[in-house]
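You will see subunit A twice below: alongside subunit B first, and alongside subunit C after that.
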Partner chain A sequence: MPGNQGQNVDLAIVVAIQVIYSIALLVLISAGLAIVFGMMRVINLAHGEFMMVGGYATIVAVNAGVNIYIAMLIVAPLAVGILGLLIERLVIRFLYGRLVDTMLATWGLSLLLIGLVTLIFGNTTTGISPPIEGFPIGAYQVNGYNLFVIVITIVMVLAIWAVLSGTRWGLIARGTMQRSDMASALGYSPDRVYMITFFAGSALTGLAGGVLAPLVGLVPTSGTQFIAKAFITVISGGASVIAGLLSSATLFGLVSQLFTFSINPMVGEIALLVAAVILLRLLPQGITGRFFRGSM
Partner chain B sequence: MAGSQVRQTAIVLVIAVIAMLVAPSLIDTYTLTVLIIYGMLALSLGLIWGFGGILCFGQAAFFGLGAYAYAIAAINIGESTVPFLVGIAVPFAFAFVLGAMMFYGRLSDVYLGVITLVVTLILFKFINSTAGPEYVIGKARLGGFNGIPGFQTLNVPGDPSWYIYDRSFYYFCAIALLVVYALVRWLLASPFGRIAVAIRENEQRVELMGYDVRFRKTVLFAIGGAIAGLAGTLFASWAEIVTPGMFSLSQSAEIIVWCIVGGLGTLTGPIIGAMILAYLKFLLGQQTLFDSTLLLGLILVLSVLFLPRGVVPTLALLYSRIGQGRRRPSTRATARRRMRASADV
Partner chain C sequence: MTISRRTFLSTGSALTLGALAAPSIIGKALAAEKIKLGSLLDTSGLFDAYGKPMDMALRLAVDQINAGGGLAGREVDIVAYDTQSDMALYTQYAQQLVRKDKVDVVHGGILSASREAIRPTLHKSKTLYFYNVLYEGGVCDRNIVVDGVTPAQQVEVLMPAAVKKWGKKIYILAADYNYGQITARWMKKYAEEAGGEIVSTDFFPLDVSDFGSTIAKIQSAAPDMIVSALVGGAHLSFYRQWAAAGMKSKIPMASTTLGVGNEHKVLTPEEGDGILVAYNYSPELQTPANEAFLKAWADKYGDTSLIHEIAVSHYQGIQLWAQAVRNAGSIDYMKMIEAIEGGLAIDGPAGKVSIDPKTHHAVLDVHLMEFSGQKLKVIESFSQRQPVDTQAVCDLAANPDDNQQYEIKI
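This part shows the complex of A and B:
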């Protein structure tokens, strides 16, 4: 029947959007962590809380009458970037090169941030509604905001790539990460480069938090649901920032959506985690430790 | 075991026994019992992380697994002796398989952390989703996020109606901790323990000497799992309910915090760290002025920055320095020996 076939096409489109959306979501929530880990070998376990702060910054700004897009795309990244800058100066810069200690200190920071936000906003759910309406494809309803998330993610990845490979600043940053002594001999202060890189990573995390704010009911502990996924995506990706991020997000997004559609979302979540375990067992250096070596 | 180590262990045990007898007059035994259980949990990570160099982000997995294994077995059997052993054996076996998978795959550092973290998450999500009546093991329903209540708590072997509870349960847990402590000390003084420490220091060199590093790490990891499982079993008996929260990331995080604050590379450090921090959290939970998470976070950040060695080693070092000052000025070699001795506590 033609009607049936049309429905199948609609379903295929809806599924495709959903799969791309879940991949984009993984990229979006992991990007800040990937910059900080891939460039600086610092694992920021307060990453989820940075996102949570970005979300709160957005909501506060919107409630204060700021346009929602300005709140998400400018206020949230700035707020979290400045927070990251403070934390880098006060804590993290003393711990460079001590991977485990940075993990522990940032874990402490994440608890601290949860406590602070609880103190300020209370332990209640706040939220704003998505600014974009849903629209139908055939018999199915598609969430318009999901498409916005996909677009933002693509723009963000392109921007990261452009900055890292096309600008002088990206060149200096990459050089410093490879040989900080050389960069320092050439007159660039590694301390400042680390500081700015951490600011950039934090700002991206804030952006993710802001963009996701309309999708989740925010509570002070919202961050914890992101950190594990972001952590897994970044580590499985391996050393290359962009290639690693994209490849592991694609793999995990596909696996989790495959199981979500064929069984249920719960199994999808578990499948993602099992895939991560198998992947790391087979490729202990992450995907870019074996494939796409030397890419960015 | 060298003579000085025997003496040190004996001193620690004597102090611990005195503390065990005095403590109930200061804090109620119900709270004390859980502090001891947390101490044992911290000891399990302190062993594999501090002496084996294996940073496990999912020690809570074995803790929860021990508790669930005990609860399920207790519902099915009704008498607590066999479930008690099951509660230790299941996490041991699970840790052995998981460890074998990781160490024979040559995973280390961050990747180890991620895998253990992920496995904990899988268990947490799985147990959380088992609310339906189709998830049954024998007579026990898994109960999802509600957990499993109403199982047989610890009893005197052979008599299911003679419960070990309240003060006697406190002594049972305290003595269990002392026994485990002594056993771990003995294990670390044995050739197995010495080689485990050597692996932590330089894995490649030990491997070139002909030892099977992968197998030894796996066994050490499994022993850590068994101790965490024992802590879980006791916890199940204490709380009289097991919930998925035992598998949670925050539980894992707390164990790591205990170890790092108490002092890595020692056994008493993690135990003391766990007891102090858990009691602090308990006290903070009773007031509403400060959020307890906030303070715990602050403690963790400050201790990483200013006390990277942990409380116990720092105190031991201070103590030996004071002792040195009082006696005749000693050479640097003895100072170093003292430092090493302090790390053995």
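This part shows the complex of A and C:
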């Protein structure tokens, strides 16, 4: 039956797009954390709330008449970046190297941010519509915005890679993360490097929040739905920021989507967590602790 | 609704703010001669979007009762506590209402968990309890009156209408906890009775917000319609992503949950228009009772946009209790129970509401509605629907001492 076969090919394409989208989504929500946690060893439990703030920044900007792409790609990262900068100066910088203390401080911060946003916007669901139309693939309709998310994620990863490996600033940042005393002896101020790196990580988190804003119903507690996945992705990835992020997101995206398609979304979520547990049992240092060692 | 560790802890942050506001006890001085109405509602924290309009409805109802000369010659006084979306506070404040304030009746509770937290305390102390929220059904307790819609009442109207309108093949999406599971079972029953067929049922944890794979799966199943019992902010993403994929014009949709939290005002008309729902109340109802209610609300609060299904349900619950006091002529406990079981009825904003003596659940009108321009347009009204789900398991006339929530088998 040729018609049926054509439909199967269409379905395969739709599934492929969805799997790639899921991988991109994991990369997008984890990138900021990979910088802040992976490079700086700061466990930012307010990561989800940074995303939530990025989402609200986008919605406020759009409602104020700003173009939606400017709101998502510029306003949200900038707003969250500045928020991150303030928090780094006021709280985090006193706590570098004190893992448990940073956890406690950022956890308090996450509660504070949820409370503040609730006070300002109320505890109701808000949102904006995606700016891109759906399009057909054979008999199927596909969400056009998903492709946009994939493209943005690719551009973002390329940009991180270019900055870290190709610029002098990236070199200094990586050096400082490895041996801040040596960087200091060579005349670079670790304090400033940490500050700028935290700003960059926060801005990437804001970007994720902005890009996701049109896809979700946003409430002040929205951040909690992302934080577990973001931490799992970053920790399973291991020491290398980009290779770790890409490899663990690919693994988890594939696993969760295959189970979601073949059984149901509940099993998909469970499969992701089971995969993470097995992975960390076998590779406690994360994927890049054994494979792709020394990569970026 | 489930509560994760983080959401539980996050409500703690509202605690400091809430501590300043609660408890607000009004008119202590003359309390001795007044009838005391205890209120437990989440007017801060996670569920305040439900609780605040309910609190407004309560105060409006009591104002009207007092303006009409009170009940049995006595004024009604509100003793209200803000439970701050914290289940532990429900137990604590219920004890306080019963022992310290010695209230004559308690109205309140929003989530089923909060109702089950306070029901034993109120049952033991013989303090009448009115739970005025739509819920999954099955509570059987002579001390409680429930005036919210139960799944059978909604689904009984919704499924045949949807099958008649759109066709036989149905795809169900539901939230993965007791409300969604139970409602999905009722959907299947009434769909099959109407000649429909369930092609697939998918359950979603409350924090799922990416529905891409589901949307593809639905398309390969090619149903005539989707019926949803999705719950909460994350699940709202589904409607957005569904519209964004361009599916809205291809496969129509009905829902048992969308609109309860005023979601039709969050979704744009392009995302929402045409979605079929069935509830007890719509602000668009053209009845004298509803027009009077809307006017009274506007006079007191100015803006009527906060009114939702549960707020009106709460308002009707208080009016039902007031009518019971009028019928009984006193607030004596046994006389009140007799009044509740003796043909208690009111004419509320959503139509006539009466209490079924065997279950203490409400018999009420259910209206079939359609989202249209961010409003709930009434298509057809079904008068006086019985709570058949709870009736199947509960008979308080035969077993007056029954005291439990049944899980209803279908």
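In this text, the second predicted complex is superposed on the first by the 296 of 296 C-alpha atoms of A that agree within 3 Å, B and C clash if a C-alpha of one lies under 4 Å from a C-alpha of the other, contacts with A are read in each partner's own complex, and residues count from 1 in each chain.
Methods note: a residue touches a chain if its C-beta (ideal position, glycine included) is under 8 Å from a C-beta of that chain, and two chains touch if they have at least 3 such contacts.
Keep in mind it's a predicted model, so treat the numbers as computed, not measured.
Between subunit B (first) and subunit C (second), which, if any, makes contact with A:114: first, second, both or neither?
Both partners.
Residues of subunit A touched: more by subunit B or subunit C?
If we count touched residues of subunit A for both partners, the winner is C.
Just to be sure I read the superposition right, which of the two partners does A:105 touch: subunit B = first, subunit C = second, or both, or neither?
So A:105 only meets subunit B here.
Touching A:269, do we find subunit B (first), subunit C (second), both, or neither?
both
Per the contact definition in the header, classify A:246: touching subunit B only (first), subunit C only (second), both, or neither.
Neither partner.
Going by the contact rule set out at the top, does A:43 touch subunit B (first), subunit C (second), both, or neither?
The answer is first: A:43 touches subunit B but not subunit C.
Give one of first, second, both or neither to describe whether A:281 is in contact with subunit B, with subunit C, with both, or with none.
first
Which partner chains sit in contact with A:224 here, subunit B, subunit C, both or neither? Use first/second/both/neither.
both
For A:94, select first, second, both or neither according to whether it touches subunit B, subunit C, the two together, or no partner.
A:94 contacts subunit B only, not subunit C.
Please report the subunit A residues shared by its interface with subunit B and its interface with subunit C.
110-112, 114-115, 118, 224, 266, 269
Could you list, by residue number, the parts of subunit A that touch subunit C in their complex?
11, 14-15, 18, 21-22, 25, 110-112, 114-115, 118, 122-127, 129-130, 132-136, 139-146, 214-219, 221-222, 224-225, 227, 257, 260-261, 264-266, 268-269
Residue numbers of subunit B touching subunit A in their complex, please.
Interface residues on the subunit B side: 55, 101-102, 105-107, 109-111, 113-115, 117-119, 121-122, 125-126, 129, 249-250, 253, 256-257, 260, 291-302, 304-305, 308.
Which residues of subunit A touch subunit B in the complex?
On the subunit A side, the touching residues are 43, 91, 94-95, 99-101, 103-105, 107-116, 118-119, 224, 228, 231-232, 235-236, 266, 269-270, 273-274, 276-277, 280-281, 284.
For the complex, which residues does subunit C have touching subunit A?
Going by the criterion above, the answer is residues 4, 6-7, 9-10, 12-14, 17, 45-49, 176, 202-205, 207-210, 212-217, 219-220, 232-237, 240-241, 243-247, 250, 261-263, 266, 268, 270-271.
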